[in-house]
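There are structures below to look over.
First chain A sits with chain B, and in the next complex the same chain sits with chain C.
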Partner chain A sequence: MRRVDVGRLGLTLAAPVLAVLVAVGLTTLVLLAVGDPVSTTWGTILDAGADPRSVALTLSSATTYYLSAVAVAIGFRMGLFNIGVDGQYRLAAFVAALVAGSVSLPAPLHVGLAIVVAALVGAMWASIAGLLKVTRGVSEVISTIMLNAIATSLVAFLLREFRSPVLGANNIGTEPIPASGRVPGLPLVPGTPERVYGLVVLAVAVGIGYAVLVDRTRFGFDLRAAGGSQSAAVASGVDVRRMVVSAMLLSGGVAGLVGLPELLGASYTYSQTFPAGLGFTGIAIALLGRNHPVGIALGALLWAYLDVSANPLQILAGVSSEIVEIMKGITVLAVVVAYEVVRRHRLAREQRQVARELTAGARTPEQVPA
Partner chain B sequence: MSEPSTVEPGAPVPTSEAAAPAVELAGITKRFPGVVANRDVDIRVRGGTVHAVVGENGAGKSTLMKILYGAQRPDEGTIRIAGRDVELRSPADAISHGVGMVFQHFMLADNLSVLENVVLGAEGRHGIGDGARRRVLELSQAYGLGVDPDPLVADLGVGDRQRVEILKVLYRGARILILDEPTAVLVPQEVAELFANLRALKDQGLTVIFISHKLDEVITVADEITVMRRGSTVATVLPAEVTARQLAELMVGSELPSPQTRESTVTDVMALRVEGVTLRATDGRTLLADIDFAIRRGEVLGIAGVEGNGQAELVETVMGMRTPAAGRVLLGEQDVTRWSTRRRREAGIGYIPEDRHRHGLLLEAPLWENRVLGHQTTPPNARGPWINRAGARADTRRIVERYDVRTPGIDVVASALSGGNQQKLIVGREMSGEPLVLIAAHPTRGVDVGAQAAIWEYLRQARADGLAVLLVSADLDELIGLSDTIRVILRGRVIAALDPSDVSPEQLGSAMTGAGAPA
Partner chain C sequence: MPRVTSIATALAAAVLAVAGCASESEPASTATGSEETLKVGLAYDIGGRGDQSFNDSAAAGLDRAKAEYGVETNESVASEGEPESAKEERLRLLAQNGFDPIIAVGFAYGPSLAQVAPEFPDVRFAIVDDASVMEDNVANLIFAEEEGSFLVGAAAALKSQSGQLGFIGGCTVPLIGKFEAGYAAGAKHINPDAEVDVRYLSDPPACPGFSDPAAGNTAATGMYESGADIVYHAAGGSGSGLFEAADAAGGLAIGVDSDQYLTADEAVRDAILTSMLKRVDVAVFDFITSVRDGDFTAGEVVYDLEAGGVGYSTSGGQVDDITDQLDEIAQKIIDGEIKVPTEP
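Let's turn to the complex of A and B:
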C-alpha cells in the first residue's frame, strides 16, 4: 500500500514537470525556426537560477503573483470566474495609498490600516459583480470585465484629483506613504543586497488561510459543493446566492492585497507607473497550479523566474525576451493536456495492478464463489 | 422447488433459426481502479428478441451495456454484431453498427419540439424539413409509438418522453436498442405501454436489450434472461422456466422481499404538517394547489401519482427549495415555512432526493465528502466551523458496511459507484443521525431486490422508533406495503385518500390517472 502511494505522488508531480518539458521543447522549436541561438538562450535563462539577485527578484514578484492567483482560485473553486482581479487590486492599491499617505500612525497600525483598507476596497469592488449575479443574473465574467474598465478610468480620474505636488510634474501619483507605513524588505537571499518584499509573509499567510479555509472548514465545503454541483449544493442546504456573494467578497479581498507588496515595499505611492495586468497573470497561474495552494505557489515561482531570467536575454543572447511569454503560454496549455495524460496513465496503471492481483490469485471482493 | 434450467452462457441457445446472433459478446473484461466490473463475460442475444439482463447492484450490467454502446472500451474481449467482429470506439461507431442506447436520464431539450429533439444532431439523415417529419411519423406508425412530432417536450409526461427517446434512437438507424432500467421511473400503466412498444419493435425484427431490477416485469416481457453476478454472467434462463423468486436466488442468493408493514406504529404526536400549500411556477402556472396533509410520528404517508404531477415540487417545497405562494409547512408545532433548507435539515428532516445525480451527490467528490453533503453542520461531520474529517470518514465506513455499499473504499469518487450503490449510500446517509422526518422520493429506485429488502427493513425499524416518512414512489407495491395512508396526486392536487390495507395496485394505478377515483 505504501509503495502505491509513493507511485501516486510521483504521478501527481509528473503532470507539471511534463508540461514544463513540453513547453521547453516547443519553445526550442520556435527558436530553431527563427534561427535564434538555442543554447545561449537556455543558458541565459538557467544562469538566473545561480544569481542571488535574480532569485531575490523572483521571490518578490512571485509574492505578488501568488496573491493574485489565490484570489482567482477562490472564485474558481465554486465555479466563479473572477476576471476582475485586475481592477480590484488597482482600485484597492490606489485607495490604500491615498489613506496610508494621509495619516500618521505607529508602524504596525499604519501597515495594518493599509492592508485592511486594500482588502475592503477589493472586496467591495468585487461584490458588485457578486450582487449583480444573484439579483439580476448578470454573468460575473461580463460584469468583472466591465468593472475592470471602470476601475481603470476611475483610478485615472481620481489620481488627477488627488495628485500629490511632491512628485513633481512628470509623475502623477498619490502622496508618498511615510516611513511608519512602509514594510522593509527582507534579506532572504544571501549574497545580494536585493531584498525580498516584506509582505512575502502576507502571501504565505494568505496561502495557509486559503488551504485551511477550503479544505478544512464548513464554509470551504459549501464553496466546493457549490462549485461541484449547484443543484446538489442547494439540496444540501447551501444558500448558493449567499455563497456567490461571499466568494466574491473573499476573492476580491485577496485581490485587494495584490498591489500591496509593491506599494508598501517599493513605490510608496500609487502613480501612473504602478504595475497593471497582474490580475490576468493570476488567472494563468491559478490554472497552472490547479487551484491548489502549493501548486499555485510553484506556478507563481516559475512565472516569476521566467520573467526575471528573460530580462538579460536581449542583451546577452540577442533574443527578444518575448520568447519567454511564448513559453509561458505553452506551459499553461501543456499543463492542461499533461494532467489529462497523467490521469489516463494512472487509471491504466491501477487497472494493471488489479489485473495482476487477480492473476496472482489474490483474494478480491469480486471473486465469484464457485 | 425445482432448479430453473439454465443455458450455459456462450452455448448455443436452443433455437431453430441458424442465423448469427444479433449481438455476441465474448470474453469481455473491464477493470476500474480497485474493481473488476466485467470479468470474462460471454453473452449472446438473438435477433428479434427482447433480452433482459438482471443482477445485483454493481454486478456490471451498466458497464457491459456501455461497452456495447461504445461509451466504454473493454480491456479484453470481442464484440460481434450480426456475425461480424466490430470495434466500437465511440457511441457514433455503435450507432453506425445499428446499436443505440435509450438513456434513463432523458437527454431531451425541454424547450424544443419533439421533432426538433429527434432530428437534433442527426440532420444529415433526412434533413430538418418535411423529409424528417415524414420519417418521424413513419417510424412512429410502424412501431406503434404514437409520437406526435409537434408538442414541446416540456409538455410531455415521462412515458411520452421515453417514447421520444426510443424514436430518437430508431431515427438514427438503430436495429439493436439498449435500455438501462427504463421502467424505474414509470408507473404500472406506463410500464405496460412500454412493453407493448417493445413487443412491437421485436415483431419488426429489432432487438431489445434491457436491464431491470423488477423481476416480475422481466419475466413478463423478456424472451431470454441473462443473470449477472459480481462481474460475470452466471446463467441464461428462459422466462417460462423461472419464477421471480428463483431469479432473485440466482442473482443474490436471497428471497424476494415483500414490503409488508406489520402492525401500525402511528402515534398521535404530530411530526410534519402541510397546510393549504399552493405553489406557482414563474410563469404563473399552478404547480401545487391547496395541498393538505399531516404525518404523525411513526407514520408513513405515501404519495401516489404518475411522475410529473407535482410530487417533485411538493418534496422540494417541504425541503425549502421552493417557496410556496400560500400555505404553511409545520415541523412538529414549529412553522418552518420561511426556514432555509439548511435549517430544516438541522431540525431533523432527512431527504432522499428523486434524482440522485442532480440533488443527492457530488459525483466528482470522494464518498466520505458525499457523506458530509447535506449534513455539513452536524456531528459527526462538523465540529464548530470545522469539517470533522475523522468523524465523517469513520461514519462513511459505517454506512458502507451497514448498507452494503459495494465500493473499493471511501476515497473513490461517487461517480465510480454503480447506480444502486450510490442510492444505498444516500439512503444510509439520510437515515443517519436519527431524523424526525424523512422525505423519501423513490428510496429504492435502482437498487437490487436484496438491497431493497434491507432498505425496507431499515425504514420499518425507524418507523417503529417514531420516524415520520413522506414517501413518494412509482413502485406501487412499495407504496402499498410501507404506507399507513396514501394520497393520490394529479396535476398538483390531492384527488383521493386511500387506505393501503384495502387497495390493490390495480385500483391505485387507475386512481392515479384520475379514472374512477374512489370518492
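Let's turn to the complex of A and C:
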C-alpha cells in the first residue's frame, strides 16, 4: 500500500509542476515569436525573487489576492460561483473607509471597527444573491454579476455625495482615516525598508479559519456535501437552502476584507483610484489553488510575484508588461488542463490497480483491499 | 515563497538551458548613456500607448522630444487593479536607474509621486492633471479643459439646427465634469435655449467607458435619434463609436484631446466638426525642453487658452466660417470677461 501512496503524492505534485512547466515553455515561445529577449526576461523575473524589496511587495500583494481567492473558494466548495466578490469588496472597502474616516477611537477598536464593518457590508451584499437564489431560484452567477454593476454605480454615487477633495481637484476620495485606524506595515523581509501590509496577519487568520471550518467542522462537512451533491445532502439531513445563504454570507464576509490591507495599510482613503478587479483575480487564484487553503496561498504568491516583476520587466528589460498577463493566463489554463490530465491518469491507474488486485485476490482473497 | 521561487528558478533555468542562452546578460543597464543625453522616463496610467486619448497624447510629446533632442526614453504602463505600491515602485525604479526627468501621466499617480519624489530630491518629476503633489522637484502640468470645451460648445451651438446637443463622458470623475461644464456653458453662451443631453459611460474606479467604442456608439445613436445634431465626447477610445454613430445618423461629432479629424477613420472624418485640443503633448515636450535647457521650475504650470494648452481644431474646414466668433470668445475668456465654470 505504501507504494500506492507515493504514487498518489507524485501525481498530486505532478499537476502544478506540469502546469508551471507548460506555462514557462509557452511564454518562452511567445517571447521568441515577438522577438523579445528570452534570457533577459526570465533573468529579470528571477532577479525579482532575490530582491528583498520585491519579496516584500509580493507578500503585500499576495495578502490581498489570498483574501479574495478564499472568498471565492468558500463559494466553490459549496458549488456556488460567487462572481460578486469584486462588487462586495469595493462596496465594503468604501463603507469601511467612510466609517473609519469619520470616527475617532483607540487604535485596536478603530481597526476592529473597520474590519467588522467591511465584513458585514460584504456579507450583506452577497446575501442578496443568496436570498434570491433560495427564494426565487435566481442563479447566483447572474445575480452577483448584476450586483457588481450596481455596487460600482452605488459607490460612485456615494463617493460624490461624501467626497472630500483631499487629493487635488481631479481625484475625490473619502475623508482620510486618522492614524488610530491605520495598520502599520510589518518589517517581515530583512534587507529592505519596504514593509508588508500589517493585515497579512488577518489573511493568515482567515486562511486558518477557512481550513478548520471546511475540513474540521460539521458545518464544513455540510458545505462540502451540498457542494458535492445537493440531493445526497438533502437525503442526509442537510438544509441546503440554509447552507446556500450561509455560504454566501461567509464568502461575502471574507470578500469584504479584500480591500482592507490597501485601505488601512497604504491608501487610507477610498478614492477613484482604489484598486479594481481584485475579485476576478481571486477567481483565477482559487482555480490555481484548487480551493485548498495552502494551494491558494501558493497561487496568490505566484500571481503577486508575476505582478511585481511587471515593473522591472518594462523598465529594465524593455519587455511589455502584457507578457505577465499572458503568463498568468497560460498558467491558469495549464493548471486546469494539467489537473484534468492527472485526474484521468489517476483514475486509469486506480482501475488498473483494482483490476490487478482483483486478479490477485482470486488466488488470495484476504488481500482484497477494503 | 521559497517553494514557489525555487520551482520557478529551476524551471526557468531548465528553459534557458534548452533555449541555449545563459542569463548572465543583465539588461546592460541603461546607466552607461553619455552625460549629454537626457534619459526621460514616462509612466502611463492604465491603457498606455494606443488608448487614443491622453496617454497617446503624452506619447506624442515624448516622441517629439526623442526626434528633436535625441533623448533616451523608457515607457511603462500601469496594470488594472494594481495597488499604490506598484505605482510607487514604477517611479522608484525609473529614478533608481538614472532616469531624469520622469513624467507621470494622470492624476492616479498623485499619491505615489508624493511618496517617491522626496526620496529622489535630485530627480525632476512632472505629473499630468494633478496639482496636489507639492514638492520642490515636481512640476504639475494641469489643463483648463473647461476653456477649450467652452469654445467647442459655442461652435456646436453656432452650427446646430435643432439647438439640441449631446455630451458623452467616459467616466463620472470630476476631471470629465470640467469638459461637460465648459461645453454646456459655451453652448448656452451662444444660445441660452440650447439643451445638452449628458450621458456618462461608466463609473470609477475601473472606468471602462474610456475604451468602449460600442458603448459610445449606443449612447450617441440614442442622442441623435432623440433630436440632438451635434455630440461632443470626452471618452477617450470610446469616441470612435461616436464618430461612427454621427456618420450613420447624418449628425456631427466633436473630438477631444487631439485633432481627431486627422486620426479618425477616413470614412467618418466628414462627421467631425472640430476637436477640443488638450495639448498634453505640448506640455510633455515643453517640460522635457525646460529640463534640457536647465530651467526646470517646480509647481503648477497651467495650460489654458492663454498658454495655448487648450483650444479647438480647424482641420476639415467645417468651422472656418465661425473662427472669428470663436476667437473673439477665446479672447474674452483670456481677458477674464467670460468666466467658465469647472463643475457641471
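Heads up, the rule we're going with is that the second predicted complex is superposed on the first by the 331 of 370 C-alpha atoms of A that agree within 3 Å, B and C clash if a C-alpha of one lies under 4 Å from a C-alpha of the other, contacts with A are read in each partner's own complex, and residues count from 1 in each chain.
The definition used in the following text is that a contact is a pair of C-beta atoms (placed from the backbone, for glycine too) under 8 Å apart; a residue touches a chain by one contact, two chains touch by 3 or more.
Note that the structure is a prediction, hence the values are computed from the model and not measured.
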Partner chain in contact with A:216 - chain B first, chain C second, else both or neither: first
Partner chain in contact with A:234 - chain B first, chain C second, else both or neither: first
Which superposed partner A:39 touches (first chain B, second chain C, both, neither): second
Touched partner set for A:262, first chain B, second chain C, both or neither: second
Partner chain in contact with A:82 - chain B first, chain C second, else both or neither: neither
Contact breadth on chain A, by residue count: chain C or chain B: C
Contacts of A:317 with chain B and chain C, given as first, second, both or neither: second
Contacts of A:148 with chain B and chain C, given as first, second, both or neither: neither
Those residues of chain A which chain B touches in one complex and chain C touches in the other: none
Chain C partner contacts - residues on chain A that touch it in the complex: 17, 20-21, 24-25, 28, 38-40, 42-46, 49, 53, 55, 57-61, 64, 90, 152-153, 155-157, 159-160, 165-172, 194, 262, 266-267, 271-278, 281, 298, 301-302, 305, 307-308, 310-312, 314-318, 321, 324-325
Complex interface listing, chain C residues touching chain A: 1, 3-5, 7-9, 11-12, 14-16, 19, 21-27, 29, 41, 74-77, 79-86, 89-90, 93-94, 97, 107-108, 110-111, 129-133, 172-175, 202-206, 342
Touch list for chain B against partner chain A, complex: 31-36, 39, 75, 229-232, 234, 319, 321, 340-346, 351, 353, 358-365, 369, 372-377, 382, 385-387, 389, 406, 408
Touch list for chain A against partner chain B, complex: 216-222, 224-225, 228-229, 231-232, 234-239, 347, 350-351, 354-355, 358, 364-368
